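What follows is a pair of complexes built around chain A, which joins chain B in one and chain C in the other.
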Partner chain A sequence: MKEKQKQNQNQNQSLFKSIISLITYKKTKIPPSFTLTESYEESGQEQDNSEQSGSDQGEKEKDEQNSSSKSRRRATKKPLSPSALKSSRVDSDAVKKDIDSNKKILEQQFHLPINKDLIIREFSIGNKQRGFIAYIDGMADKGIINDFILRPLFDEIDDESSSDQQLNSLEDIILTNDTKNLRKVTTTVTEILKGNTALYVDGLDYFITCETIGYNTRGVEAPKTEGIVKGPQEGFSENLRTNISLIRRIVRNKDLITEFHEIGEKSNTTCAVVYLNGVVNPAVVQEVQRRLKNIKTDFLVSSGMLEQLIEDNPYSIVPTILSTERPDRTASHLVEGRVAIIVDGSPFAMIVPVSMHALMHSPEDAALKWQYATSIRFIRFVAVLAASMLPALYIALTTFHREMIPTDLLIAIAKAKENVPFPTLVEILLMELGFELIREAGLRVPGIVGNTLGIIGALILGEAAVSANIVSPILIIIVAITGLSNFAIPNYNLAFGVRLTRFYFIAAGALLGFYGISLALVAYVLMLVNLKSFGVPFISIISPRTKGSRDIIIKWPIWMQEYRPDYLNSPDRRRQPKISRQWAEQDSSDT
Partner chain B sequence: MEKLKKIIAFMTICMLCLGLPGCYDAIEIDEEVYALSIGVDKGINNAIRVTFQYATYMEDGGGGMGGGDEESGEVGGTIVSTVEAASLLEAINVMNAAVNRQVSLMHAKMLIFSEEFAREGVGRYIEPLSRFREVRELMRIVVCNGKAQDFIKENKSLIGSNPSKALELMFEQSKNTGYFPDMIFGDFYVDLLTPYGQPVAAYAGVNDFKQLDEGEENEKPPLKPEVDIEPGDIPRTGGTKKEIFGLAVFDGDRMVGTLSQNETRFFLMGIGEFQRGFFTFVDENEPELIYVIEAQLARKPSINARMANGVPIIGLELDINIDIISIQSRRHYEQLNNIEGFEKNLATYFEQGLKKTIDKTQKEYNADIFHFGKKVAGNFNTIQELDDYNWIGHYQEAIVNVSVSVNARRSGFIYGATPIRSTESKKGVEEQK
Partner chain C sequence: MIKEGRFGFMEAFSIMAIVLVTKIFYGSPMAIIKYLGTAAWYGTLISCVGALIFFTLLYLLMKRFPQQDLFQIFETVTGKLIGKSLILIFAVFLLYKAGINITEFTAVLKVYSMPFTPPSMIILPFLIVVAAMAYVGLEGIVRTAHIFFYLVFGSLILILLLAIPSYDFNYLQPVLGYGLAKTIETGIIRTAAYDEIVFLAIIIRSLQGLQVFRKVGYLTLILGGLTFSVCLICILAAFQYTVGGEHLSGMYQLSRVIYFTRFFQRIESIFLFVWVISSVITVAFIFYISLNAYSRVFNISNHRPLILPFTFLTFMFAFIPNNFAQIMEIHLRVLREFSSVIFIFIPVMVLLLALIRGKKEVKTSGKA
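On to the complex of A and B.
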């Protein structure tokens, strides 16, 4: 009996403990997230830099080790140093010394009899040494291959000189701008996949790759989603190199650094990390590198996919990464001390770290006088409020707080609603659904019809719904204003987030009125406060309170913007001297 | 994935929990009718008779000008219906049955008592209103010299089809004329309870349009610049029959008397709420002609009070700005050498008017509607002493000194008017010079 009692007691205790453990505070198991720490003075800059370069080296070494041991998984594009070569064991990945096996390896890699893309053209130099070139049809520029690889080689063959000399100067013979000696098959394969041509001559233990990339791409066109009136009209295209050159044309600075990372086991997509050395906080660059290097996925086609792989909080409803298709906007962020990540094949640059305010800026702000820019910025903030809360406020007002509506308006609403058979909530949901349908359908309907469908659809649907007494006319106004406000939000991702948030607030407003909306708002703000974008609190400036850069909500005159945003902790805080308009202090007669 | 599932489950539970307490007090706008005015009369078979006026939700029909159908009580876009009940709030419930929708007092703009009812005391019926959650403080308080029911029946808008706007603008006119006070329910209720003074309410009546005499035309109509008129007796015709003119003086919750529209203006000046209004005077130099000025308070009146041998002595200083609107005699009163005398005359007039009005409230009603008590209270050390003294009872003993200073600020578009010239006018011109 006693034992049983004890057991019971034990059971009770364990139950009690488990209940208690449900409500007591426990440290989360989530590993500590990256936080951008405060760098106090500009004197700390050099230290930071030296640390950065030191860690960079360490990183490199580690990288090389990795590549030698795990090179099957990931290809490095850097040629191996001689010391590394010595230390590395001979493995299956190494380039063989005879032409037949090398050719066979390439054929195997590219499944040659079946796959028709890889072209291998064999030749022999001076009837002694056999060789071949390999490239992918369509990716490589055949003119370059003919004129600058094959022709010099055959010219050399006519020359009848010793084979030793030839071997030494093979790179000198080929006339393409960039050649690499690769001792690994995997890296060679990657190069071929990019559109380069691999050259092999019997007896060598490496491939020579020549840059012959030449496929068709879209040219530079005006941006599709970020059109502006005043300012440059160039947008990114799908070609990574073109995109980087677009940025470089704006920021002509030797400290502008572009790093490449390969992501995607199957797709081998190149991602560029672009930053302005000395302006960006090295910790941010390191964090970006760390995240990019530690992505294991097989396929990457757009920056949107990479965004989901590297963002801090995948569950957050608002984006913490700014995507833009404008080189000028990217450049201005780079100069402020942010990092841009560009994915090959995607006309968008991702910019990190960003705060909420950066998402609310439009590229046009920079080109406008500060009074105009500030006023349209306020409109945008109103738009965010309206887009997320207007239907919720309407529903809360009309079902819970009728005393707050002016009597005239109240009677007008009641008159309009008299013949409508649905409660306000259903009306709102119906109209919102209709609006979302029109928007989604407008995207799919081809070409010119799409735009007209949007307008006509909204007009006819609204008009018909009112005359059929399905919704009240005031509600059409509410939904229309909400929809318009949503389009006024400059960031596409944020606009999406706000669209979803609207339904969250509608639910809160319909359940508990203003009280519910305030509760929902508190929860929402808590979520915002919790967010980080690459170590920077998402609503910094507000919380935590940091020094403004005079271009956050109010855009002050450009000569007042002396500092970069405080939350970026740039080693180079100052953008311009205290007095930018120095001519204003001069006597105009002095020349 | 597990974590996500947990989070989703938790959120769903939270949302469901929210659904339990929420939604139940949500009422759609059109499920209620909003009483715009409430009238209270003495009942015949039960304690009180309550009249409600509420807006209809017809699409612009029904309302408008018509005047409506007698039986259904339709009055210009609204419906007026009366019910007899034991209490005001019970009357609302009885009304629900008849209207088929919930009657809400959230947007009530006017509470009107019949004079008969007000003279017996309104305290009992005001109390539940101040306690009830729906009644808003901004509701106007009016006493009607006839039946409240009749007043509300005449409460229609002839200009627009919007009854609530018409009601609000009706009370706004207090600012333009000063003929009646714009008394709101919140203030009225506080005034009932305060030891400093007594409440007032706007005084209203229904005009039967029979005041305009249709008799022989007078050769020389008499000039009467200051006639006290009861509401309902304004000599006019056309427009709506309702009128608000003057104020009702209360002693506690019982109405004790009225002030005429002219006295109301002096009262409003005394409490500093007079906004603007035209005054007509007989020209001293030419008794057949008049001049008109528009008066405005330059600043809030300054009131001081002291006790001398147990008698409160109150000083009331007023600073009035005037604009000259018309001088029929075209004399140059606005010129520097004349202006002082002109201002002095006016100051004397305002002083006497104020004095008379204060006298009336002291002698006739003994009701401190000016709230001098606020300043008198400063002479007592403790609230207990003030309570013991009972200022409200001693108001009639107080000596009130009034001094008014008048400043003419603008002369209108004319300065130094030239006389009208005619063949006979030469003499007049010479006289002026």
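On to the complex of A and C.
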């Protein structure tokens, strides 16, 4: 009985505590925020370095660096973090000195014989020393393995003069363009997973990995979502190396740096951080590195997933990272002083930091004359306003502020609405829902049928809805303009955000008319001014006010764009001299 | 100490300009035209000159303590107890001001745009946005103000320009109104209409130094004075002083008379956006400063837990007036005429005390 009473008392106490905790104030844990300061002093670098040394990613990199320089120096020992300790598995991770143990470790790692993907091919060198190569079938190029690893190896074995020296010169025998000496099993496994081939000869305490990556990938094709009329027609593919080469082909600069990070405990996805040294603010690069190194996840397959893991404001409806599938656009952002993050297997580059106006630029703007580009940009801004607010304004106008509508138009609207039994809000919601359905269905239906379905569906649905007196014809015009405006937004993620924002404004307009929309607008702008993209205020240039780069809303002539955007705080602010068209200053006879 | 962030000249200028000018949208023109008749347009300029003199005194006070804001100066000069009491008076009065501003806004909105909507349905969403802005903090409020600054002033200019066909400048006669003495007297009393400039001294630590403080202060007062004066000229020229003194919102009425062909008329609802946006920003700013003042008095490091109770209190303050007559005759007179006792008299007294007691900041090196 006493125990029961005690239990009841405890239960009551815990209930009381939980109720009290609901009404008492708890100080919210504010995560440390990163702000890009005016000076690009490398504050906090030591901290970053210390964090880096603790992570297992850092260990991997050290191992690779160690081996690629062919020096046998061990990395300086530093205390490992618990996660690093766990993953390194100190004893089992080191490469053993006998072939059987190493082979067994690899077999265990890849779950042989159940797993049929790993091929282990054994051989012996001059009947003295045994060795093996290991690679994943389908990921490695067998031609390279046969011609540039096995053939030179056996040729050397046939050569009687060869002796123990072979052990020290294996790398000279193998003819692949890149080799690494890896002393850890985990890094060796990662290399094999990438498509490289691991070579082991009995007696060595390291694996030699040879670059044999050779799987089928999609070729370079035109971009799917960022097509333009004037300008390059190349888009990124799923191959990371191809993507980086596409950028390098445009920015042929020795200062263009590519760093690799492995993300995903299970997928081991390679992510590249690309930036132009000397142009980018080092603090931004450090911040990107810090975020990437501190991601603990099991699986990463696309840039969209990584975007969600590294963005500043996960709850924001507006994207703060620019995704592009165009190498030329990526290159132009790199030269402006931004950082590109590319995920292996994803045909998109993520650009950081960006501001609102960068999302409103189209890749075609750069190729167009400034007058054309500026006018198109204005249309895009109008499109954003129409896509987010037009239905809400229509509801507010017809429900709360009818006096604003000119009499003739008001009569026309009233006539059209005469037979419609629903209120305007229901009409709008029905049509918006129908439009979203058509759009989603159009994406799922394969090939050309999808496009046809979109057009036919919209036409038939609209016509049928009007004939059935479910919606008024004016509303069809409103929804069509809204839909078209949404398609005019150049950024896919931003267009999504605007689609959702539309419903927010519809609710505000339906509740309180223009008054509600005004309040909703203030709240929305409040959200925007508080957004940051890698330490840079999202609507910088407007607020906080910074010097413009003459390529914000109005695109000035290219020869007047002398500076990089101020908010990026680039160490090299000037992009061209004051007079870039120096030929204009010369006398035409002076040649 | 609450982290308020830092902002530049344009942001500070925008918020102060909006806070000063917002009252032009409501009962202020009506009141001043009632008191001064056709002399209202320069009566407000006299008030502006009075405010400029007050700001000079405020600047002298801030110059003596370049590293401190107004509330810190109160404590330094008058001691902790009196200083904190003065800050508490500021906090309570600001909350009252926020509440009455909302009431005034609601009354005008009900009369002109939403006659069937209950006041609580107007006030509640308004306060939710105000609370959200206060939650984000000063930097967010100021940046939002900067974004809408161009919209607010652009629309104001547009209204004045589009109403040109309705102007008859003969309505500005007799120029001396009800007499020069009455104009000067009322002009001086109504210096309180510009006393919001004192807020700049409260947020001075977020500005980039005393020079920016001085520049922003003088420029916003001049802009505010000119805006008021031009708007009053337009209202008088459009409606004449007898009718102009009857309109609840002179500017809203002015936007109603805009008529360019049968298609382009009755566009006053478009300007509702400007009304609402400038009112929300103004109330949010006052509300935030009230929160800040209260937090200073009781050494509360985070103002966010106070937002909900303060929102509730503002809601209560907003319901104090029973009708619009009360708002106009009692509460707006308190805010636009007698608030100088708090916002002008106290800082000036503190300056005098500092001069008498020879109080001055010892460490004057740094940003000034």
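To be clear about the criterion, the second predicted complex is superposed on the first by the 509 of 591 C-alpha atoms of A that agree within 3 Å, B and C clash if a C-alpha of one lies under 4 Å from a C-alpha of the other, contacts with A are read in each partner's own complex, and residues count from 1 in each chain.
Following the convention adopted for this analysis, a residue touches a chain if its C-beta (ideal position, glycine included) is under 8 Å from a C-beta of that chain, and two chains touch if they have at least 3 such contacts.
It should be emphasised that the depicted structure is a prediction, and the values quoted were computed from it without experimental measurement.
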Is A:Val449 in contact with chain B, with chain C, with both, or with neither (first, second, both, neither)? neither
Now for A:Ile539: first (chain B), second (chain C), both, or neither, which partner does it touch? second
State whether A:Val525 touches chain B only (first), chain C only (second), both chains, or neither. second
Could you let me know whether more residues of chain A are touched by chain B or by chain C? C
Between chain B and chain C, whom does A:Ala510 touch in the aligned arrangement: first, second, both, or neither? first
Answer with first, second, both or neither: which of chain B and chain C does A:Ala222 touch in the superposed model? neither
In the superposed arrangement, does A:Thr398 touch chain B (first), chain C (second), both or neither? first
Go through the superposed model and pick first if A:Thr407 touches only chain B, second if only chain C, both, or neither. both
Considering only the contact definition stated at the top, list the common interface residues of chain A for chain B and chain C. 400, 403, 407-408, 511-513, 516
Touching chain B in the complex, chain A uses residues 315, 398-400, 402-403, 407-408, 410-411, 413-415, 417-418, 423-424, 507-508, 510-513, 516
Write out the stretch or stretches of chain C touching chain A in their complex. 7-8, 10-11, 109, 113-114, 117, 121-122, 125-126, 128-129, 132-133, 136, 140, 143-144, 146-148, 262-263, 265-270, 272-273, 275-277, 280-281, 302, 304-305
Complex contact set, residues of chain B against chain A: 4, 7, 15, 18-19, 21-23, 25-30, 32, 34, 36, 55, 57-59, 104, 106-107, 109, 134, 136, 162, 164-165, 168
Contact residues on chain A for chain C in the complex? 25, 27-28, 400-401, 403-404, 406-408, 511-519, 521-523, 525-526, 529-530, 537, 539, 542-545
